[in-house]
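Have a look at these structures, which come just after this line.
The two complexes that follow have chain A in common; it is paired with chain B in the first and with chain C in the second.
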Partner chain A sequence: MVTTEEVDTTRQYEIPEGVLLEFRLAGPLVRAGAWAIDAAIRAVLYIAIGLSFSYFGGVGVAIILIALFLIEWFYPVLFEVKSGATPGKKAMGIWVIHDNGTPVTLSASVIRNLLRAVDFMPVMYGFGLLSMLFNREFKRLGDLAAGTLVVYRDSYEKRPELPSSTAVRPGVELTESEQQAVLAFAERAPALSSERRVELAEILSEISGRKGERAVDGIYGYANWLMKGR
Partner chain B sequence: MRQEQFEQAYRPLWDKLGALLDEMELSRRKRNLDKARAAALPTLYRQVCSHYALARSRRFSPALLEQLHHLVLRGHRHLYRQRGAWLWRTLDFIGGGFPRALRRHRGYFLLALTSFLLPALLLGLACYVDPDMIYSLMDEQQVAEMESMYDPSGSHPGRSEARSSETDFMMFGFYIFNNIGIGFRTFAGGMLLGVGSLFMLLFNGLVLGGVAGHLTRLGYHDTFWSFVSGHGAFELTAIVICGAAGLMLGHALLAPGQRRRIPALKAAAAEALKLVLGAALMLLAAAFVEAFWSSSTLDAAIKYGVAVLLWALVVFYLVFAGRSRHGSL
Partner chain C sequence: MDLSRITINLRPRTPWEGADLGFALARSEFLRLWLLWLASALPFYLVVALLLASEPMLIALLAWWFKPLYEPPLLFWLSRRVFGERLGFSEMRQHWWRIIRPQLFANLTWRRFSTARSFNMPVALLEGLKGSKRRARISVLGRGQHVTGWLTFFGINFEILLELSFLVLLVLLIPTELDWLQMDSLVMSESGVEVWLQHIGSLLAMSLIAPFYVAGGFGIYLTRRSELEGWDIELGFKRLAERVKSKRTFSSAAAGLLLLAMGFMLPGEPPIAAGLPDRDAVRQTIQEVLKDDVFGKREMRDSWEYVGDTDESAEDVPWLLQWLIDIFEGYTQGMATVAEFLLWLAVGLIIAFLLYRVSQMRDWPNLNTLPGLQRRQPLPVTLSGLDIRPESLPEDLVRQAELLLLAGEGRAALSLLYRGALSVLVFRFRLQISIGATEGECLSQVELSQDFSGAAFFRRLTIVWQGMAYGHSLPSAGELEALCQDWDRVFGEQHEE
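After this line comes the complex of A and B, so read on.
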């Protein structure tokens, strides 16, 4: 059997406290989307700065050129150091972290963004894309050298409640992974359509001897028993 | 212990950590955190870590695991983040960190210097001897433009048009945009197994040597050399340093030694960054000198004198700044 670790684009990191943290890696497509948003923002900035300073003669041109330089090289650095993500990345729900899960520092951010120059070669992030496809963590060349990852910003919504039901002891002994599956089903079921809920619950009809919504309720019962033991 | 009892026993602790992290995630101004509360973070965090490990091994429900995982993730970010007194570190970097880093890696610097200087000298000599040699490097129009720029009979040697302080400012912006960009690209080229950096060094060496040799042969030396010699102290040195930083990346990729390639690359990049940032500051200084001093029409002798001073300053800074009394690097 293929485990989820082998299929999912997640990366695990063992922290000094001895537990595993899990990060969901951002792939080329979502990162390209973030880049496109940033490119649009930068284009607007270029136009705004270009228009507003073009009336100030040589000094104006100097300011425009310096602004071009700063935006070209340091626009991502500014945002990554401040909040871990450029506006484009924020919009796509991703951010930059170190390999060990800590917020990206100035030096790592500068390295990954200076090396963007080679990622961009020969055209439109050709080398960057190749690099991302050839390693497990979707790192472009700049990420490899800086030791950074681009991952989904894990947004934690409110924890789903276990539907209450009278606790029922399952008729057979459940293995640990089966127990987990029962609990996972009970916690996720309220978010599923009722047809799907019933379809899944009826897999256990042989054990519970129930059909339809009663089968669903039966599994809620098992889950309550597992969790509360009453 | 059943999951429900486990949760009832420890939920207050989780809520406490959650509230503390909420507070820490606010911006510094909005935060209202006293030392005692902040000091509770490590203990609280490690307790929740062990709760998470327990919950995992006891196969508690996925929703609880996710809740605890999220808490651990946030705690980890705060406990292990690196904060810096960046202003102090910048000053320390300029005062000694940069030249020390350069001296630590002087092998790369010498290699980059050779890759730049050797082609410059060879082609410079060739162009000095052979009037047609320059055309192997540039086309006719470029050569004509370059010649007219430094023609002593032109009104303002060094630039094609008359310069006002307005144009000085404009050129300052241009040098920042162009030259620091070239420096960064020279560094980044090192990711291509060092070939990109090497190419930039060779190419810039050839162009500079060729132009210098050709103009000297024409007898334009006072206009040309008095223009380039001042800012060259910063600019040429900085480009070579950027090349050296790129070569460090290339070396780590080609011959990582005892490490695996990626860790070797990471270590090399962290060191190389110091060289690149130092070089960027030097290029900033070069842009300033080039825009406001090099183009001035003062007597060539004064400009040569200042150039000697600037070169001495750069060499002295790179060789001696940041040395400790005990004669270390």
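After this line comes the complex of A and C, so read on.
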């Protein structure tokens, strides 16, 4: 039976220069985690402010109310404009960007955070959750209005050391995705069981003409050639 | 398991992303999964509701507790869907019991408390492992997979908030005047229609979240297995092997043809050169592509267009000159500031002087009167409440006063003298006394007057009069006698010019 496109949680955007950017969208689960962390931070702030200003009578109450208002509405805006992510989002490794991949601006951040009021309805982000579950890009209503995405932040990964082996040029010309598969094998094979390693390597015995551990070694050789051989 | 038929994009993912993958899967197939869940949950719920109609809380609890009963079909369907197979409802019905039966008792008792239910389910259901094997497998798979616990935790929260949202929305949408539902009774009530609404709400919330929960756990499971077993590598290698194989068969066939046609072939030709197109053809294609407007264009316009002010002053000025200009500019600006200050000071002084002058002008009515108009003013007939018309006074005023004085009417005599004096001043000497002037004003007017010499007497008379009129101190008879004689001397008829 023929099925549709491959399911994935990425979104692609082609910039005018023809470069294809790929974002890994963050779903409701990780965003709920980020929200919970932020809510905890805000709760601590509220308690601290409430305790410290409650001794100042009417003026203290006024200051508490103003502080509550400012924190409730502008806590996310402040952090998103500054670094793209609130402390909760940062802890979860996600951040907010525009649909086209540029860093979120003040206006977009204000829109997406003011619309929390709508997402919050009827209680505790009921509409926001439904919107996130059923939107193709996990957007809540505020994201739809502001044109923003919440995505995983790519971290700089240290290039893993490849198993040393003499560089061997593959017998066939490899496409980009095939080269990636060869490199991925070289990077991750040491963590696989030896049987599985051999099983995977023998898929390519047609090309390498080798069997068993020698086949594994052969692919390490290809990987080394791809990395530094030419 | 045939990875080449897989319909998810295999790539290394974090466990969070694994859950997201499951969510995306659940969303794309939501309706089927939802109906599949309801197909087991709704009948169960109705049976329980019929049996325990008097215990609504128990119904809700049982419906919630028996979740592991409705979830395996979803997982089974998803596992087939991932490999490109969409099972129909009839197929699912045939296998239904076979799908949910394995380890059902364990699932519904002690495993019900597991925080990784949807993640562990595939091990039992899809891999068919039991007992210690299952435990060992889960311990390997579940290493570092704390996200599965969070999935359950947030799943519960999502369910609760969706149920509350449903109830609150219901209350919000019913006009308050109708008063059918109350928020507190809707959430707290233990009987009546509210409880059934609670049940509908919880059933809806559970059914909405269940596909995402099951698929989320399955997504994490797939991600973990793909990572542990290198599924993405296997798929990549298999595709590569397949491509090479098909190319080999093709190229050997082509080589055979070539051999037939030309009688020889180059065996060691590198694959790179073989695939490269002609250089000139490539150039031509590039030129064609570059002709597109997207890559820039030339345009001629023959109409004027305003391009804004061109600021030339700042251009081509040596720095020294610029420095001098700046200094001078600063100097002139300083001067201008001083001048401006002086200007404002002058304006302030002028305004202050004008205000001072205005404040000095006390006699406002006279401000507008011209000297020539003064004579036209009507002569007063009464002053200080006294009738001063000449006809109201006796002919021989002094004699009359002396008679009154003899009769002991000193008060009347003094009054007569004062009235007479005023009357003479106004009607004979034409003194300018405005209507409504007080005694003091009359006196000052008299003293200012150039034409009249009896001011000293009038002053004496006024003081005595004021003393009597306001102080009730009647002067002695001798003093009044003297006043009468002096009056005659000052105002008498013989003095008339």
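Please note the rule applied: the second predicted complex is superposed on the first by the 178 of 230 C-alpha atoms of A that agree within 3 Å, B and C clash if a C-alpha of one lies under 4 Å from a C-alpha of the other, contacts with A are read in each partner's own complex, and residues count from 1 in each chain.
Definition applied: a residue touches a chain if its C-beta (ideal position, glycine included) is under 8 Å from a C-beta of that chain, and two chains touch if they have at least 3 such contacts.
Small disclaimer: the values here were computed from a predicted structure and weren't measured.
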In the overlaid three-chain picture, which partner chain does A:Pro160 touch, first (chain B) or second (chain C), both, or neither?
first
Examine A:Ile203 and indicate which partner it touches, taking first as chain B and second as chain C; both and neither are also allowed.
second
Figure out whether A:Trp95 sits in contact with chain B (first) or chain C (second), or with both, or with neither.
neither
According to the stated criteria, A:Ala184 is in contact with first (chain B), second (chain C), both, or neither; which is it?
both
Considering only the touch criterion stated at the top, classify A:Tyr220 as touching first (chain B), second (chain C), both, or neither.
neither
Once chain A of both complexes is superposed, is A:Ile66 in touch with chain B (first), chain C (second), both, or neither?
first
Which chain A residues come up in both lists, the one for chain B and the one for chain C?
121, 177, 180, 184
Chain A contacts chain B in the complex at 15, 17-19, 21-22, 57-59, 61-66, 68-69, 72-73, 97, 100-103, 105-107, 110-111, 114-118, 121, 141, 144-147, 154, 156, 159-160, 162, 176-177, 179-180, 183-184, 186-187, 223, 226-229
Sort out for me which residues of chain B touch chain A in the complex.
2-4, 45-46, 49-50, 52-53, 56, 59-64, 66-67, 69-70, 72-73, 76-77, 80-82, 84, 86, 164-174, 176-177, 180-181, 184-185, 187-189, 191-192, 196, 249, 262, 265-266, 268-270, 273, 276-277
Per the touch rule, the chain C residues reaching chain A in their complex are 6-9, 11-12, 14, 16-17, 19-21, 23-25, 27-28, 30, 81, 84-86, 147, 150-151, 154, 157-158, 161-162, 164-166, 168-169, 172, 208, 212, 216, 227-230, 232-241, 243-245, 247, 271-272, 275
Taking the touch rule as given, give the residues of chain A at its contact with chain C in the complex, in rising order.
1-4, 6-10, 24-30, 32-33, 92-93, 121-127, 129-130, 133-134, 136, 138, 152, 172-174, 177-178, 180-182, 184-185, 188-189, 192, 196, 200, 203-204, 206-207
